[in-house]
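Structures follow.
Look at the two complexes coming up: chain A is in both, with chain B in one and chain C in the other.
Take a look at the complex of A and B:
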């Protein structure tokens, strides 16, 4: 086999999920009525923002060889804190700062801090105490959601001030600002993962922590950073979600964890750690929401969505095994 | 070797574990560019000795001179910084990453763009390609993940990485335990190449044929002592087996071919 052909096959195998996305979009455009319009695509972009931002952090933790089941609850906590502090109705306290322009940076900073704090608690229990990441973050998934219910008393906060809501309303070049934010996050973190020593170390630590330890890389620092990033991005997702829904309810975001996991797996991240790229994860998120949208447009009952998505996750894992075998055979 | 001082010199190295004397005073040396095979039965003290040299254990008594200076390594990291390392076949490679990533692990070439360190993949690949070419190792693509490479190729990456980053003395613990015949042959050739570049090599092995195929000198440890220290071309497998099992010590010293002696074996003889 010539090196060029080999490189081409490698490239296709590495980017299979993008190919799938394109195929799915073409098929939907041809078969689903009213699918092929700019508004629909913009909508898919916008809808995928929240899970997309969350999936970045989840993917980084998984690539580093850990797991974070708590991202959904963390996002809900950030959303609730944002709503509680700044919303003007319901349980919202309607805090006003001196100037309106301060609202966005201050509320964002608080949301990111809340998320990062949860991430660091997870990190402490996994890395310092040495507990299993599965158990620690499963517990966080439960207690953080409990905290959301506790601080809200089960009630909701509504009506964020317009100065914050701009983020959820504004469009740039016809595409919602929210979508641009998720694209921006994917670009920044893809560069971080693919082009910096930090990203390289995340992959290496996920692959063989013994080797990186022997090479003098501080494994714990990488793992800490992974949990912190996952928490921080979950916080960002929660902040965006609060803005989009102009407030927060105690059950906000339930089901996001499954979508984020599905996107990460479909995007080619191995749950064993050490394997995966963020652009693939973004394609996974877009694929997921294209299917959501198509099901909505076809007027199928929503419960079919879950069956189809479940099947899709299985197919993705199967595809991964298939890819591995293809690679062995061809290369 | 023109350098009269040995690369590594052990002087009465002893180590106790409670009442058990694992090592009872080891005197030996390794020269630059020399391959030394360390043999001994199970429990003879080989592993303890190797750990002491590589910084994993501290001796209870004795002195270690490395590169002309007395050393006392508290951790493997200190030994590594000085240029001593144990090379394992798999433990030190990330098989999910490519050859370049493994070669540079922790020492990546970066350039700051807006204050952010950015990996310089081309520059790194060029360095690896050159290092591999100098060592005579051929790997189909430096961008393939290590999981797709054979055991021998993995070992080559590890050894070349070690040499490239300024290693001076390498310890190979049963390096060919998992390799096939052809891979072993290539591995032995690779060890000779590494030694030819002035690096000291200690090979710990059970297999007599390999010891004779690759080593300049054979040191036998028995019951925590040096039971024999001979040039491999001046002894026979039978004699070495006797040293290992504790039979008579005939042939255990450099008592043949006296004309071919070099200064190193001269001092060896003086000590015995």
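Take a look at the complex of A and C:
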């Protein structure tokens, strides 16, 4: 096989999910009435923001060989804390600061701190105590959601002040600011994962922790960072979610864990760790929300979304297996 | 800061008023099976039922099923073994609980249904607003709003349901569409917000405002979904009143949206009256005395008790909340607990 052909095959295999996304968008544009318009594509970008940001952290933890099932509840907690402190209706305390511009950095910092704290608790129990990441984060998924209900009393906080809501309303070049934030996150973390020693260590630790330990890499530090980033990004997702919905309800974000997992798997991240690229995950998120949007426009019963998403995850895993076999045979 | 402080003070006063009084809780224990606590209506129902049953002499133990039918079935089975004086249940699934209800009644434990109607088996007492009727009230109001805007009942309505697995939302849809069926000039687009999650409702509204920019009115099946719908409208550059909004359940956030001008009508479920009716008839149910059909006044609302195939049934009228009557304390969304003591029906 010539090097050029080999490179082409490798490129196609690495970017299969992007090809799937393009095919799906073309098919929907041709078959779903009113799908092909700039506003709908902007909506897809915007709607994929929350799961997209959440999926970055989840992917990093999974690539490092662990698991974080708590991201959805963590996002809900940071959304509720944001709503509780700054919303002016419902249970919102409507805290005001000296200057309106302070509201964004202060509320963001609080949301990120909340998320990071949950991530560090998970990290402590997994890395220091040596408990299974599956069990620890499953427990966090449950107790953190319980905490959301406890601090809200099941009530909702609504109407964030305009100084914060501006993030959910403004557009840049016709694309919602929220979407730009998720694109920015993907760019920053893709560079971090692909072009820095930290990113390479995450992949190496996930692929073979014994080898990295022997090579003198501090595995624990990488894992700590992974959990902290996942928590922090879940906190960011929650903050953005609160802004989008202008507050928080106790069930906000329910079901997003499945979508984040689906995006990660469709994006080509191996659940065994050590394999995965964040641009693929972003393509996975966009693919999911293209399908959601098409189903909204077609007026199909929502159950179809779940059936299609389930089938898509299965197809992605199957494709991943085929890719590995093809790579072994051809390259 | 004034509004939130007022809101907090209001909530505290309402909460304090609903705190179960210490007196007379000596008639026994009643279990209340609440379907979920992720919903303001259900959360407030716990406070109301515990308070009102306390006023008529019963201690209430509340169990939350987290919206899971199997958990509620298990809770029923456990409660039966504890031999309570009665069980009040707001079923997660209207029909799946039938065997558990029959088991309870066979064991001598009377069962009362709160808010979500079961008609497939005998029930000792049912207190409902009627979810189908909420759809009817919403349809009447939507016909009025369309008529005022378009000169006749015509236009395009986006109906945002809750989770499609929840019979509550399907009943409202059935009632609404039944009353709208005769108006052929009204196009109804119905889409569900999976798991009653607010951002799902927001996404539906964003997409539909692009696909169908001529939507006149959005009807959402819960007030917390209306908030996300408003956020989506705001992001789409709409101003209050550009697209009319109707919601149901009467939660505080829905009332706030009416005050802000975004929402025109909130169809309320008379939560306090539904809970008060449970307390008013608790003695009759616990002592297995017959309940007479007729009109009863429940917290000032004329409510009709009928004897149905499934047992005594009180239907309390829901109300349409608009800017004109929004401040009336009878609406639970104002979180002003009723001051009048509950008197058991003799």
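Couple of notes before you dig in:
As a convention for this text, the second predicted complex is superposed on the first by the 331 of 331 C-alpha atoms of A that agree within 3 Å, B and C clash if a C-alpha of one lies under 4 Å from a C-alpha of the other, contacts with A are read in each partner's own complex, and residues count from 1 in each chain.
Basically, contacts are C-beta pairs under 8 Å (C-beta built on N, C-alpha and C of every residue); 3 or more make two chains touch, one makes a residue touch a chain.
Computed from a predicted model, the values in this text were never measured in an experiment.
Partners chain B and chain C fit side by side in the overlay (superposition on chain A). In the superposed model, A:165 lies in contact with chain C only, and not with chain B. Look at A:207: by the touch rule set out above, it reaches chain B but stays clear of chain C.
In the superposed model, A:58 makes contact with neither chain B nor chain C. In the superposition on chain A, contact of A:269 is made with neither chain B nor chain C.
Within the superposed three-chain model, A:316 lies out of touch with both chain B and chain C [touch as defined at top].
Once the two complexes are overlaid on the shared chain, A:43 sits against chain C while remaining clear of chain B.
Look at A:195: by the touch rule set out above, it reaches chain B but stays clear of chain C. The larger set of touched chain A residues comes from C, when the choice is between chain B and chain C. In the superposition on chain A, A:292 makes contact with chain C only, not with chain B. Once the two complexes are laid over each other on the shared chain, residue contacts for A:69 go to neither chain B nor chain C.
When the two structures are aligned on their common chain, the gap between the nearest CA atoms of chain B and chain C comes to 36 Å.
Those residues of chain C lying in contact with chain A across their complex are 1, 3-5, 7-8, 11, 37-40, 42-43, 164, 189-192, 194-200, 202-204, 206-208, 210-212, 224, 227-228, 230-231, 234-235, 251-253, 256, 260.
Of all residues in chain A, only 33-34, 37, 39-40, 43, 46-47, 50, 88-94, 96, 149, 153-156, 158-159, 165, 168-169, 176, 241, 244-247, 249-255, 292-293, 296-297, 299, 301-303, 305-306 touch chain C in the complex they form.
Interface residues of chain A, counted against chain B in their complex, comprise 3, 6, 195-197, 200-201, 203-204, 206-208, 210-212, 214-217, 274-275, 331.
Residues of chain B touching chain A in their complex: 76-77, 80, 91-97, 101-102, 105-108, 110, 116-119, 141, 144, 148.
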